[in-house]
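Look at the two complexes coming up: subunit A is in both, with subunit B in one and subunit C in the other.
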Partner chain A sequence: MYEGFLDIFDVFLEQAAEFYVWDNAVYLFRAMMTTLFMTIVGCGLGFVFGMILIYLRKTPGLIFLPVRLAMIFYVEIFRRVPFLVLLFLVMFTVKGFGLDYSLFTIACISIVIISTAFIGEIIRGGLDSVHQTQWDTAAAMNFSRLQTLRHVILPQAWKVVLPPAFAFFVMFIKDTALTSQVGILELTQAGKYYNNLGYSAILSFGTVLLLYFVLSYPMTRLGWWIEARLRDRRRDDDDELEIGVTPYELRRT
Partner chain B sequence: MNYTFQWGEAFIEVPYLLGGAWITLHLSFIGFWSGATIGLFGALGKTYGGPLTVKLINWYVIFFTNTPGLVTAFFIFFGLPEFGILLSPYHTILLNIALNSGAYMTEIMRGGFVSVHKTELEAAETMGFTLLQQLRYVIVPHIAKVLFAPLSNWYIWMILGTAMAAIFGVEELTGRVFNRAAETFRSIELYTIAAGMYVAITILASAILVVIGRWAFRVKVKVF
Partner chain C sequence: MHHLEVNGLTATYDGKLLVLDDVNIQVGKGEIVSVIGPSGSGKSTLLRVIMGLLRPKSGEVKLDGDTVDYGNKKSVKALRDRFSIVFQQFNLFQNMDALRNVTIAPVKIRKRDARQVEEEAVELLGKVGLGDKLHAYPDELSGGQQQRVAIARALALKPEILLLDEVTSALDPELVNEVLDAIRILASDGMTMMIVSHEMGFVREISTEVIMMDEGKVIEVGSAAQIFDNPQTTRCQDFVGKILRH
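And then the complex of A and B:
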């Protein structure tokens, strides 16, 4: 057993000398950028569409009831479909209908579909965190719905929305590993490629694991930082609010 | 538009796929409880352990929460045989799910432990509660109340996560769709049915968890 491990270690060292060369570094770096780019495009568009989705979901009146229901159904359904299944569904639908999209586009479409549902839910949580009186006041000041969102709700809501939305983005960096299954050359696929070339799994997938870590960990830390900072500022805002309220009340009495 | 849907051919496979759904369920169930065990010990170690234990657990958590489950699965799946350890795909995936969710659940459960205040334990002691009674009436209800919602959400999330097992040849719901799609070429129909089944399973699981939460722990939870 001991000898066996020594042999493995020898092979590992031999392969490592071959593996860690400049060309492979470039290849892996490009794969890493694909992963990152895919996530940024997918989640960025997901944020925009999520915003639109929530705007439609908050429409008033009976006429828009079907729209609201459609939006609720969208969120409830696509939060409950595994990314892998959706990925294959999108791929086969696109290819089945003879559309000539690239694999990268297909992956981005799937990411957008999923992230719209999740980020939409996050944005809704943020909007709900703003007190109803703010909406009422804005309505009393004759703000339109868009103006209310733009000038009253969003300036208060974004602090609640940003930390979880960013956390979702960081989480999706890891979920994009599944896109390797439709054949996109991102980090996981690169790891598979090297493993198939005959490099030890410890070496190929171990390196890929480390690269994911390098990609994800600073982002996680950044997310914590954003959250802590916004929390502080929120507290400051509350203080300001208290200071601001007091003179007003004094004037009133 | 040159694709003709043939739902009939796909719907014949529903019983076969339901069998896969059953495997999905018990894979996620066993994986969840293995992960919960790891998480429990992780959280205990992190709350009450020495500095070295805390550091080790922190490394474990940070590593697994910052790397994709798929790649750790590949790492285990192809890495273990190099050391002469041969596991079936099902057990490899189970190991991976347990390790991965153990890291997340360590974090979740630590939040629960922190929520029990020392003053409440002191109060219970003053009232003459034995240690077992404290556990039964103070600690567990507290922890259950705080942890029930995040753990339920995590379980739902894990049901979706087990779709990954299909890549390694485990014949759960997605894996069985892979099989049948390759035989019949009714890919769109079969994947749509599978997606619908996942939606149904998770909605059902959410509903059951909400009922359990109300009935057993008296918590009003919004599950997923």
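And then the complex of A and C:
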């Protein structure tokens, strides 16, 4: 047992010198960036579509009932399907339609479909955390629904929305490993590649694992930082960034 | 012709529970009409319906003789341009300081000149005694202070009619007077107001007319002196008797 461990370690040291070279670093870096961009594009668009989804879900009146039901249906379905299955489904549907999309695009589409549902729910939770009376008050002052969202509700909802949204984003960095199943050259696929070349699993997958951490940890920190900032400072609007107790005379200049 | 006229107004919650039952009210320019009655009698609902926050089932609301169409966005918008409401729970926008709470609607919704609005807002906040709290956030203000900001915010919209919905009910007793004083100033300025209140002494002092409501119906209408000293209906006698003995 002990001997075996030493053997593995020997192989590791032997291969390490050969493995950690510039060309491999570039290759791994590109794989890492693919992982990151896939997540950013997928979750970023998911955020935008999630907002639209929730806006539609909160439309008032009987006339919009089908829209609301469709939105609820969407969320309930896509929060419950495995990412890998959806990925295959999207890939074969796209191919079935004869569309020549890159694997990266197919992965992004799949991530958007899932993240829209999840982030939509997160945003809904945030909006619901703001009391209904704020809507009523704004309505009584002739704010439109969009104006109410922009000036009153969203500025209050951010601090509830952002932490879980960021956690979802960081979690999805890891989930993109599944896209290696359709052959996208991202981090996990890179690990497989090196392992197939004959590098030990500890070396190839160990390095990949470390790189996942290098990607996720700063993102988590960024999330904490944004969260802290939201807690400390309050903003009501994009055109008034600096808010503190500034004397009136100073603010006017 | 009355400034505000409410004719046969009926409203329900969820289509079942009748909360307003054939309510008729007239308010003249410069008048202060107070609505009194036990909790759940429909007083606050009446203000909510007038503001278009709850759709009436039947009946009509007329402003200077023109009927408000609550099914029509434009009509409701036009109405809300002429009314302001102050709520029991203040409902200040929590993400804005006092000054911004007052200026946001005139600037962003009415598209008025920001500098001018701000000057007026500072003056209004000064008038309600909060000249030194311009940049305080709602959670840094006491209930009474928040409610005074809410009043300033309502006034910044230059309403023709101000609706006050139990504006002192959520306040500690020692804070009530500072809010009532602010309303007294408005009354002396000739502001037309509809006040829902449990502060009977105040209602008596300030109202040109008092309306007693119970179970969604108007029970009695009269001058403050009549309602408090010589109520005609048994229900009103009962209510006033209990309150005044209290």
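Worth a mention:
We take it that the second predicted complex is superposed on the first by the 224 of 253 C-alpha atoms of A that agree within 3 Å, B and C clash if a C-alpha of one lies under 4 Å from a C-alpha of the other, contacts with A are read in each partner's own complex, and residues count from 1 in each chain.
As a working rule, contacts are C-beta pairs under 8 Å (C-beta built on N, C-alpha and C of every residue); 3 or more make two chains touch, one makes a residue touch a chain.
Computed from a prediction, not measured in an experiment: that's the story for all the values here.
Once the two complexes are laid over each other on the shared chain, residue contacts for A:P155 go to subunit C alone; subunit B is not touched.
When both complexes are overlaid on chain A, the residue A:A139 reaches subunit C alone and has no touch with subunit B. Legend: residue contacts after superposition of the two complexes on their common chain; A:W224 is shown touching neither subunit B nor subunit C.
In the superposition on chain A, A:S216 makes contact with subunit B only, while subunit C stays out of contact range. A simple residue count on subunit A separates subunit B from subunit C, and the partner touching more is B.
After overlaying the two complexes on the shared chain, residue contacts for A:Q147 are found with subunit C alone; subunit B is out of touch. Residues of subunit A touching subunit C in their complex: 133-134, 136-143, 147, 151-152, 155-156, 234-236, 240, 243-246, 248, 252. Taken together, the subunit A residues at the contact with subunit B in this complex read 4-5, 8, 76-77, 79-86, 88-89, 92-93, 96-98, 174-178, 180-181, 187-188, 191-192, 195, 200-202, 205-206, 208-209, 212-213, 216-217, 220.
On subunit B, the positions that touch subunit A within their shared complex are 1-3, 62-63, 65-72, 74-75, 77-79, 82-84, 156, 160-161, 163-164, 166-167, 174, 177, 181, 187-188, 191-192, 194-195, 198-199, 202-203, 224. Residues 51-53, 77, 80-81, 83-85, 87, 89, 91, 93-97, 99-100, 104-105, 108-110, 115, 118, 122, 134-137, 157 of subunit C touch subunit A in their complex.
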